[in-house]
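Residue numbering begins at 1 within each chain, and the chains themselves are lettered A, B, C, D and E in the order written.
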Amino acid sequence: MTQAIDHVALLPAYLAAGTALLALLTDLAVARRAATLAVTAAGAATVAVAAWAVGTGPVRDTFCLADAPAACSFRADPTSALVATLFALLTLGVLGLSGYAVRGLPAGEYCFLLAASMTGGVVLGYSRDLITLVVALETLTLPLYALVGLRRRSVDSAQGAVTFFVVSVVSVAVTLLGAALLYAATGAVHLRALAAALADGVPGELTTLASAGAVLVLAGLVFKVAAVPFHAWAPATYDGAPLPIAAYLSTTSKLGGVVAVVYVVAIGLQPWLDVVGPALAGFAVLTMTVGNLVALRQRRMVRLLAWSSVAQAGYILAPLGAFAVGTGRTSDALALAVTATIAYAVFYVMIELAAFGSVVVLRGGAVMPAVSLASLDRSDVDGGEIEQYRGVARRSPWVAAAFTLALVGLAGLPPGLAGLFAKIVVVRSLLGGGAGWLAVIVALNAVIGLAYYLPVAVRLYGDRAAAEPAAVPAERVAGPGLRPGWGAPLWSGLALAATTVVAIVVGFAPQLVLDAAALVAG
Amino acid sequence: MLLPAVPFGAALAGLLLPPLRARAAAAVLGIAGAAAALLLACGLLVALDQPSEQSRQLVRFGHLAVDFGVRVDSAALLVAVAVGVVALAVQVYSVSYLDGDEGYPAYAAQVSLFTAAMLLVVVAGDLIVLLVGWEVMGICSYLLIAHDRRLPEAPGAAVKAFLVTRVGDVGFWLGVILLGVHTGSFRIADVLAAVTGGELSTATLTAAGLLLLAGVAGKSAQFPLHTWLPDAMAGPTPISALIHAATMVAAGVYVVFRLYPVFSYGDGVLPVLAVVAAVTMLLGALAATAADDIKRVLAWSTVSQLAYMVGALAVGATAAALFHLLTHAAFKALLFLAAGAVIHAVGSNLMSAMGGLRRPMPVTFWSMTIGLGALVGVPPLAGFWSKDAILHSASGGAGWAAGLVFAAGLATVVVTAWYATRLWLRTFFGLSRSEATAHDPPPLMAWPVVALAVPSGLLGFVALSDGFVDRLSTPVPADWTGAAARPDALPAQPVLADQALVHAGGFVLLPLAAAAVGIAAAWLVWQRDPATDPARALGRLRPVFEREFYLDGFQDVLVVRPVRALARAVRRADESVVDGTVEGTGRGTVSLGGLVARAHRAALPRAVVAVLAGALLAGLAATLGAAL
Amino acid sequence: MHPVVPYVVAALLFGIGGFGVLRRRNAILLLMAVELMLNSVNLVLVTASATVRATLAAAGTAAHTGQVFVLFIIVIAAAEVGVGLAIVLQLYRLRGSAEVDTVPLADPEPDREPEPGPERVVVR
Amino acid sequence: MTAGQVVLILTLAVPAAGAVAVPLLPDRVARITGTGAAGLTLLASVLLYAGRGGTSLEPAAPVRPWHSVRGDWAPGLDLQFHIGVDGISYPLVVLTALLTLLCCGYLLGRPDGSRMLVALLLAAEVGIVGTFLALDLVLFFVFFEVVLLPMYAMIAIWGGPGRRAAARKFVLYTLLGSVLLLVGVFVVVAAAGTADIVALTGGGQLGRGTQLLGFTFFALAFAVKAPLWPLHTWLPDAHTEAPTVGSVILAGVLLKLGTYGLIRIGVGVTPEGAAWAATVLGTLAVAAIVVGALVCLAQTELKRLIAYSSVGHMGFVLLGIATGSAAGIQAALIGNIAHGVITGLLFFLAGAIKDRTGTGELAALGGLRETAPGLAGILGFAAIASLGLPGLAGFWGEVFAVVAAIQRGSPGWTVLGVVAAVGAALTAGYFLRLLRRVTHGPPAAVPVAPAGLARIELVAWAPLVGLTLVIGLLPVLVLGMAYGPVEALAVGVGG
Amino acid sequence: MTVADVLLLGLGAVAVGAGLCVVTTAHLVRAGLYLVVCLGALAGMFLVLTAELVAWVQVLIYVGAVVVLLLFAVMLTRAPIGASGDLDRPGWPGLLVGAGAGLGLAALFVDAYRWTSVSLPDGPDGPGSAGVLGGELFRSWVLPFEVLSVLLLAALVGAIIVSRPDVGASDRGAER
């Protein structure tokens, strides 16, 4: 019988893929960098609206198994809508930030790859079975291999790409092995069917197989979030990649990892959480501590942000780990933990985008003193040393203010209310779930976190030591052929402003995020 | 209620309002305040027949209330009058004594503040208010001692004075709190009722008594805490007269007088009092014999006279003690003011620079003679009556304590006579050793001296009138009922009843003889060689007395230096240990971060190893976990 | 047929693949080792799809899922090898050598001392 | 919305608006608007007293706020915007408003005062007043954290030579404290289900175990904030390096957050915990008094000495709280206000001396009486008030803390009381040593630039001097309104 | 031990041997050839396990395209034809983890399946035939299939712009 495909549910996925193709076509037809950017951005916006619209509608399921209708591989419920909208908005944000970088890169292909990655993300949001999950994750990650290596004249970028590629491939192999073992033990690939199979007991001898499979799947997925044993790739890749791509990596691809982990743990392996729990809790604690400790010693800006995002991943995993390790494993405790994770992820993603946005705008504009004249090509600008950011506030106070707000938000202190409420959500869920010790560890890590966020923020307002060369005047850097064009500063500034405003609004009304995240229990 | 308020208002006005800082205005304000207080006290003394009490609640801490209470009775008023008189005299005297000093306005205000505080202590109805007055007096004495800018050792003396009294005050605080806590209220009437009513255990009473005693010893410069008084002479002389002769030092005696049941009910407190009194009497007198500075001689004599009063209290002769307090206030203030005049004229404190002032300064000479006479106890003068009353009650008292006080008293009479004559002779007789032309002090300074000479002369006769005795009796709280309930605990009680202050008969001769012996001895020694200091007769003992039995040195070594060393040690410990741990944790975390960062400074394969090893370990853990 | 045989073969292949990945210095050989690991996963899946159809009655229609999964994995692996080789060649072009263990993870120079000297902060 | 509620909201809204507006305006105008905002806040806080009858929500409730505003902010986080003022928090709010107004005024008169500093002052004021008014545990935590960064910026940007390290230590230490508070708050909220202080006071819903655990976290957090002895090492550095205005706010009001928190939440929400930890807290408080006094004796720098004196004074306040009796808590309350006023004045003076002579070292100073008589006079007054002279504000807090300790009756507590009294004597010791070094004695070589007192300085200090005297003579002003709530709290702890 | 078992064992042995050679050989090109042998053996095992379509796809894509690609890469990086010594890093970490993983998994499987035997499925036109799989694929797995197309396109575009630095970067000239 022909499968009744619910095309309305698939609309966002279609639109996303359409945007990708459109990007290529416009680049072919119009061949103007700004036009391609604009089209892709419009596409991303439409996807966001569509996903949100579909989300408000009734829950739609397609591609369901014949015999077990509950186990469908594509489910458009409010959670998926939230995730898909987030992916679209983040891609929109990153596109905005690419104003500077795209001048040195092939705009058409750049936009296409970003749109393809967005498609992977959107499909990931809706996927409810292992195969679609893995495929979507791959579609999300593969374009990033190319994008990371896009700064074709710098060795760092090539090295970053290779690191990212090799570690990612190995992790995918581990995930697939885990999925294979689970399939071998339970014969189910759909998450809900898997949960049912696990719930009514796997035949005696296959239990060890299933548990090994579960943990291996988790290990592979947790690689995406850059949890500690699998985090070594993150700093090198972020530093090597062009700035907007580093932003994309630390926000969107991390969100993808979180969503995947949440779906697999919350829906798929729910009956077996006592097996998976200790591993998750261990990952969370290790990630937090190592992330924060190493970040203390970083000299380069993007590497510091990379290590801080590793630490933040620890905070994101903490509620899930606490729930699994904690005592009361009732369903509402699970809802509490999942809501906390998603809420923290949403807060984190926004603040991180604002942080990277500020770095992009600061590095892009002629504010930095040590922008080497040789590489006139704006795309080659990397995160640079933290020392180069000294005294930036005098030249561009608003951007420096946004950056400070973002840093303080990441540290979780009041002016950055979003960060503060994120910390409160995590501690509340930890103590609600009975894992008091984990709450104390999160608390101590927050203190270490501030120890490295604050010096950076203060250096923005530090005064320029006389010895350093004065800032290269803006017009000389632009050079004849490289007119900044109306696109670059306007787009990036707009994107940064939008993200900061959203961060502030959410800061004052955290309940919006909490309501959206609360729907995830489904 | 008004009594302490008036000088307090004057003090505040003088201290704060800048327009009034002009000299004349300040002087007028000071004198007016003192005079008003005196008039009020006299008025009340005359009008009042039975003790009146009013109080208004100030604040309530939990169920312990503190109320601003005033309790006025005859004894209090008498002391108030004395304070008023001396304060007025000092205010007038210092107008001319400090005519060159630009700090005068502040000085005058501080004196009025001091008078207010003293009056507050005298009429206080509540222990906490008493404590307030007590401490404000301490601070005023600190401010006034340090008043003289030119004198280098003045600030040090002021700090020493305040700190030593403050150590005593700690005991006073604790005593007051102990009493307040156990009786449930700070009102003196309630406390006394509770004490006599037997609600407090004797142990608490003894503890409270001893603690209060510490405070009194501090304030009235008794044995362990007396070292500050001689140094306090660094302050201007009128201040020494007011604070360190008449009022503040007497306050301690007055407080014991006021809270007498507490001391008498606590067993073992009175004997301690007696011992302290005896020791201080002798100590003060002997140290005075060797002192060369005229003001230090008077200071040591104050210490020993106070010991007399404390001794009287120890043997239960409260009325005699109070009577001696009044007379002592009068003649000691007189002596100080006169000494001030002499110093003013000669320009130096040391007796070795004086001599032969009899003719150039007749007024000062005669007033000084009356004062010294009263101090020694020459019959017609006030000192004789009060000292005789104390010695009589001491001799009549039961127990070894009274005997000790009597013996010490007699010995001190001899020594007092000796140093008084020595001072008298060295200052006014023999050839003048000072080059300055001595002359009588200006009228403004002379009148107060003369004014004070009158009471030190005639006060003795007042004691003869019978009405005087019952006024001095211990303030019988109106609701003091349960006296009969504890007959055995009231040894001192019967003595109080027939407090005949004046009694003729053989007994009077003994102290007179002792005085005569003292005077004769001093005269003989001086006669042989008028130029040198009779103190040389003491021979080897002289340096010992001069250095005041090295007590000051002991105090410095035993208390001051160890505290300072402890402070340095604690500071070093606090900064290195406590701060060290905090800084240490900070540095530790950063270096740990460095360690972990170095572990990451490797090539790509280490990352892949981490991934695979991590997966392997997780898998193993899970399988082993599931298998178990 | 006894499923344990192909399973053990797959396990050994995975082990060898892992060993190859960690031992080889040249990036391309490393990719070959990764291919080995992916193929071993394919083998597990195919064997599982065979055994699952027989033993677990419940997964009736899902019997072929294993093989569908294998198809997808093969396609993904192919795509990844394509991009992977492009990246390795770029590294080769820029660095002259495709050696994996010369790719640094952290920035080489020593980490900064915690706090540079106090400097005056100027804020209008 | 009764008038009371409007005024209540204004006390928070006006400084917030000021903090936002001031950086945007040109320099001079900005500072004037800032001072205006601070003045308005003071007016609003004073007006709170009117209509005290107020809406007593639940007559039986131990905490009866005079006015209270309640609104939902983030139910997902148990966070309600529930603020209200009552007898315990009212004096502290007025003190904060007054000190901020004086600081803004002080900056107005000075040439180097910058508008950013005024903005930060107003921001800190929002945090502090918010904490005092918060009647919801999570809201208390949020405002508790709002204070952190403005103070850091104040010290780090306008501070003395070693300000960077001092500011960093201050912010990290205090953040550790406030993060422990967060954990404590959610230990209680998770157990009780609600975060509303009015409902939670008295510890009704909480089991003994939760109360003990909760109190341990609260005690640690607040011990860091009101420096209890072992956790105090951030205070001297922060005070020495902070600008004059910063140290006034830091000493005057920031320390009170800790003690107020201990009273309102430590004793209020988890009374059994407070009773259980009373002796430990008492011993540490007395240790703080003695160590504070001893270290001051050996101190060589003026502001550091005043900082350590704060450690000593807060020791008395914490001793009062530790006793848990009504008398003790009232002694703590008046001790708080007195310390705020007197140490605020002391820091103003220390700042003035440092501006004039350029150094804080006691060895270099001397003979201030000759060179700047006015300044020396006020410094003498402040030092005497601070050493606890009866008749001035400092006395009541100290004596009745000792009374409360002795009232507990057990020999241990009596020993604590006695040691505290000895500590008070030591306090007198180091303050007089300070006076002898700074004011008395021959004038030192260091030139004292403007000898006389500037008009602005007089205006800034007069209220503080007046308040010290008035509170000293009429303590009922501060304690009158606190009898009811304190009795309720004490009953909880069985005091 | 049925015929299938014997075949599986034989092909398994070949695959494992070839795998080992791939990993240990010092000759770059020879490693590629061993890989071909290993994948071919695997394809054979798939056939035995009645997964016919998968076997052909394996042969077609892996052996045909992927290995050829790898050999091209070897050629492009001008690797020496003969033996080259420096191909391997210190072996012990690899040995440890590889052996651990391999033996661990093997133990896991042995423990899970012991020596149970399973009858190979023999549906009407072969269980793993193209028809059945195609039906299955296009019934419930259409979405991943479509997403794969995007993935492949992205891989193509990515590979092109990464490997050719001149494409798209020529902005120094006129605004492209």
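In the analysis below, a contact is a pair of C-beta atoms (placed from the backbone, for glycine too) under 8 Å apart; a residue touches a chain by one contact, two chains touch by 3 or more.
Worth saying up front: this structure is predicted, and the values here are computed from it rather than measured.
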Subunit E reached from subunit D - shortest hop count over touching chains: 2
Partner chains that subunit B and subunit E have in common: A, C
Central chain (by mean CA position): D
Most distant chain from subunit E, judged by the mean position of its C-alpha atoms: B
Relative to subunit C, chain with the most remote C-alpha centre: B
More contacts between chains, C-E or B-D: C-E
Whole-Å gap between the CA centroids of subunit C and subunit D: 60
Where subunit A and subunit C are represented by their mean Cα positions, the distance between them in whole Å: 21
Centroid distance [mean C-alpha coordinates] between subunit D and subunit A, Å: 43
Separation of mean Cα positions, subunit E and subunit A [Å, integer]: 30
Residues of subunit D engaged with two or more neighbouring chains: 156-157, 164, 168, 172
Junction residues of subunit B, two or more chains touched: 586, 590, 594, 597, 600, 604-609, 612-613, 615, 619, 623
Touching two or more other chains - residue numbers and ranges from subunit C: 7, 14, 17-18, 21-22, 31, 47, 49, 51, 55, 65, 68, 72, 76, 79-80, 83, 86-88, 90, 100-101, 103-106, 111, 114-115, 121, 123
Subunit C-facing residues of subunit E, complex: 2, 4-5, 8-9, 12, 15-16, 19-20, 22-23, 28, 31-32, 35, 38-39, 42, 45-46, 48-51, 53-54, 57-58, 61-62, 65-66, 69-70, 72-74, 76-77, 79, 86-89, 91, 93-95, 97-106, 108-110, 112-121, 127-128, 132-133, 136-137, 141, 144, 148, 151-152, 155-156, 158-160, 162-163, 165
In the complex, subunit C residues that touch subunit A: 7, 14, 17, 21, 27, 30-31, 34, 37-38, 40-41, 44-45, 47-49, 51-52, 55-56, 58-62, 65-66, 68-69, 72-73, 76, 79-80, 83-84, 86-88, 90-91, 94-95, 100, 103-107, 109, 111-112, 114-116, 119-123
Touching residues (chain side subunit D, partner subunit A) in the complex: 72-79, 127, 138, 141-142, 145-146, 148-149, 152, 156-157, 164, 168, 171-172, 175-176, 179-180, 182-183, 186-187, 189-190, 213
Subunit A-facing residues of subunit E, complex: 105, 108-109, 111-114, 139-144, 146-148, 150-151, 153-155, 157-162, 165, 167-169, 171-173, 175-176
Contact set on subunit B toward subunit D in their complex: 58-64, 128, 131-132, 134-136, 139, 142-143, 146, 149, 152, 154-156, 158-159, 162-163, 166-167, 169-170, 173-174, 177-178, 180-181, 563-564, 566-568, 570-571, 574, 578-579, 582-583, 586
